[in-house]
Amino acid sequence: MTLLITAFWAIDPFTTQIVQVWNTDNFQRILNEPAYHSIITRTVVMAALVTVTDAVLAFPFAYFMARVASRRVQTLLFAAVLLPLWASYLARVYAWILILNHSGLLNWSLQSIGLPAANIGYTNVAMWVVFSYIWLPFMIIPTYAALERVPESLLEAAADLGARRWRAVRDVVLPLALPGVVAGSIFTFSLTLGDYITPILVGGAGSSFIGNVVYANVGIANNIPFAAALAIVPVAIMAVYLLIAQRLGAFEAL
Amino acid sequence: MKFGALAVVVALALTACGSTSNNTGSTQKPPPTATLKPLDKVGAGEGQLNLIAWEGYVDDSWAKPFTQQTGCVISSKYAGSSDEMVSLMKNGGGGQYDMVSASGDADLRLIYSGDVRPMNEKLIPDWNNFQTFFKNPPYNTINGVHYGISLQWGPNTLLYSTTKFPNKPTSWEVIYDQANKGLITVPDNPIQIADAALYLSKTQPKLGIKDPYELKKNQFDAAVQLLTQQRPLIKKYWALASEEIQLFQARDVVVGAAWPYQTIQLKAAGVKVDETIPSEGATGWGDTWMLATKAPHPNCAYLWTQYVSTAKIQAEQALFFGETPVNTQACAQMEALQAGSCAQYHADAPGSYFDTIRFWKTPISTCSDGSQTCIPYADWVSAWTTIKG
Amino acid sequence: MEGFWTRMLLRLWVALILAFLFTPIVLIFVYAFNTSNIQSWPIPGFTTKWFASTWDDPDVRRALTLSLQAGLTATGLALVLGSCAAFAIHRMTWFGREVVSLLFVLPLALPGIVTGIALNAFFSFGGISLSVWTIVVGHTTFCIVVVYNNVLARLRRTQGSLIEAAMDLGANGFQVFRDITLPLISTSIVAGAMLAFALSFDEVIVTTFTAGAQNTLPLWIFGAIRLGQRLPEVNVVVSFVILVTIIPVLIAARLTGGGGTGRVPAAR
């Protein structure tokens, strides 16, 4: 049954649109046109940047939750991480426009403490901030789950062997938490890779993502083949990413 | 599942290799649905009507009375772009949708893909009151066959901050001007190439651009080049009307291409802006209610078209959205609802006025002289992607 | 344990992250009271008129109902299918197991736009008209993966010895499932279901391509945002949803997160 339903969407259905002449024009167009290079690069770099940012933001947070917080605080923090997922993605992105734009909350706060305005509204920096924000919970949860499973006894053992706390964290906790971080990165990376709404809302000129171009080409019936050619790019990237993630044992930590 | 996921990759790969075929055809060539006979009499409503519309086109204030009168319960889906409308209408509306309020840049695509069918204008009493141009506009009427009934129209105006520009700008030049670097916004729509072409048709007559939607290779390249130069000056390509409102509100931009809707909203919020149609003229959009080829509720669809064509509803919608009715009788109704609005929206404009507005139509490879040298819309889309980078 | 300063630094970090997470949400709450339908900082004035207009808006109610229906149905389907798949995979020992589990994660990782277009083309190719059911199918595809992953992860951590012991004590297959396996995996099922429902409830991209003439809540929100005439209504609805979900989220957090996962002894 599962196989059936998943296969449904998987047996790809672009068939309705396949034109009978086979050639590689569309791929060549992607390869030869510098604009597509920069769009693909921008998308992938942004996805990687967001993933790294979220990992950095999430790790100490998850560490605190798993190792320091009392059980009560743990529950509250876990709920606090889950709760934003219930506030509409669109509404949250839209709220960010209010923070980042020219006369927004950020500039207002900066100016009121005498700092120069940061004009990051409608730029790639804005996209980076918003993407990191939107997908952060998806990184915190698996990282926390992985950290929680690291037995305290291991750390004690490390301490007994004379390792300092930081060293123990680096050599013992980090490797054990890695599958969780990688599992979270699957979310942050793929969600950023496939998004086209945040670029529309908070991006500036020159903020197109692969998804935007795919979306733009879908409307024109005859360019479905081109949209499909372009859509292969994120699919292929994700396939490679997942293979690596599997090696790192991330699936057990999803 | 294994095969499924493999299939997706294989099918994607195969599809991607499929070539882009040309099915837009010529304006002379009859569209696939040309021979479908439209209704000759409107029967009883089917009790249901499924619409794809622009946000605000099926507002409760006039949709509810319609349902009470006819028993046709409306469910509407709001589309975000013309492209989205076209994809939703694929396969003749899929037996799901009855009508779409398509703009001129989508019409020919819908007509030539056979997704919409001819409509009988004789069943729409108010059609006779329409502004002559909108009875048979080239974007929805081919070889005398109507593939939909015109609804409303509006110009794409130049919106500017009156603080920055105390004197009304007279040329579109301001949106191509280095002096306004980082303070400009234009719509994120491939049809924007036509705006550049319109500007070039006046500033570089040597190019010989007559119709901004029928561009030969060299004319198209010149327009694309102009837009490529404009790209570093752009703060943001706006996709949603509310985005442009926010851009002006927060003073992120001071000038840009807009619809009258944004001007009305901004002025209502006390933002110091105004709009103008510069000397080069302007492009404009004309919206049409089109009937899906597989419409499951054709009678309700006709009842709806009759209803929205009446002067009263035309006036209400015009004021709600900030656009202009095609029904000339709507002028008085608009005045009654909001004094001065008829002239403000050019609802009383003489026929000659429509020569200054170049209405959106889907660019196709067949030029009006019958040659096949014009650049089709698919190329506009890819050029637009390249421009935006 | 961590030193004093380390703890302080961690606390500060947590506070900053929480501020980061909740600033936009506070804004959403505040701007539900905005007098203007254009959001600008600082807020021009306060009014409660949007609450009344949202309450009276039939579109909002329809969208909310549809989102609940679609979310619950998709989650329900995903629970059954996802857990079954997880059990099946867990028992598999052949070499293809790794490949199969990779393929199971792939749908989640596929960009939404690809899934959306594929489904849309599939439905129109198969002559299936778009309806609530096509939305449900669309959502189920990614909900399954979430449930599957949660359950499978728990099963892997469950020691086979417990089941063997029960078998040795004479329990039959059903009893083992009811008394041992189910209690062990129940929290992971709850966690999976919560996440699946949340994903479905907030999905825009796939839904755009699989919804018929119906609007789910996110689609309604996108519509309202486009022209911005009813922007404060969006904030009202979102605030309402957050307030309503606080309690269930807290309960779920207590069940699954707050010491839940790690502290089930057998799950170690």
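Note that the chains take the letters A, B and C in the order they are written out, and that residue 1 is the start of every chain.
One rule holds for everything that comes next: contacts are C-beta pairs under 8 Å (C-beta built on N, C-alpha and C of every residue); 3 or more make two chains touch, one makes a residue touch a chain.
This structure is a prediction, so every number in the text was calculated from the model and none was measured.
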Have a look at B-C versus A-C and report the one with more C-beta pairs in contact.
A-C
Using only Cα atoms to place each chain's centre, name the chain farthest from subunit A.
B
Nearest whole angstrom, what separates the Cα centre of subunit B from the Cα centre of subunit C?
37
For the pair subunit A and subunit C, the C-alpha centroid-to-centroid distance in angstrom is 16
Contacts with two or more other chains occur in subunit C at residues 39-41, 104, 106-107, 110, 114, 118, 120, 123-124, 222, 225, 231
Which positions in subunit A are in touch with at least two other chains?
2, 6, 8-15, 17, 97, 103-104, 215, 218, 224, 231, 235, 239
In subunit B, the residues touching two or more other chains are 1, 4-5, 8, 12, 84, 87, 90, 240, 246, 250
Sort out for me which residues of subunit C touch subunit A in the complex.
2-3, 6-7, 9-11, 13-14, 17-18, 20-25, 27-28, 31, 39-42, 81-82, 84-85, 98, 101-102, 104-115, 117-125, 137-138, 140-141, 144, 149-150, 152-153, 156-157, 194, 198, 201-202, 204-205, 217-218, 221-222, 225, 231, 234-235, 237-238, 241-242, 245-246, 249-250, 252-254, 256-259, 261-262, 268
Subunit B to subunit A touching residues, read off their complex
1, 3-5, 7-9, 11-23, 81-87, 90, 109, 113, 188, 190, 231-232, 234-237, 239-240, 243, 246-247, 250-252, 377-378, 381-382, 384-386, 388-389
Could you pull out which subunit C residues touch subunit B in their complex?
36-41, 58-59, 96, 99-100, 103-104, 106-107, 110, 114, 118, 120, 123-124, 127, 129-131, 208-209, 211-215, 219, 222-229, 231
Any idea which subunit A residues touch subunit C in the complex?
1-2, 5-6, 8-17, 57, 60-61, 63-68, 71-72, 74-92, 94-99, 103-105, 108, 133, 136-137, 141, 144-145, 148-149, 151, 165, 186-187, 190, 193-197, 210-211, 214-215, 218, 224, 227, 231, 234-235, 238-239, 241-243, 246, 251-254
In the complex of these two chains, what residues of subunit B are touching subunit C?
1-2, 4-5, 8, 12, 50-51, 55-56, 60, 75-78, 80, 84, 87, 90-91, 94-97, 240-242, 245-246, 249-250, 261, 265-266, 269
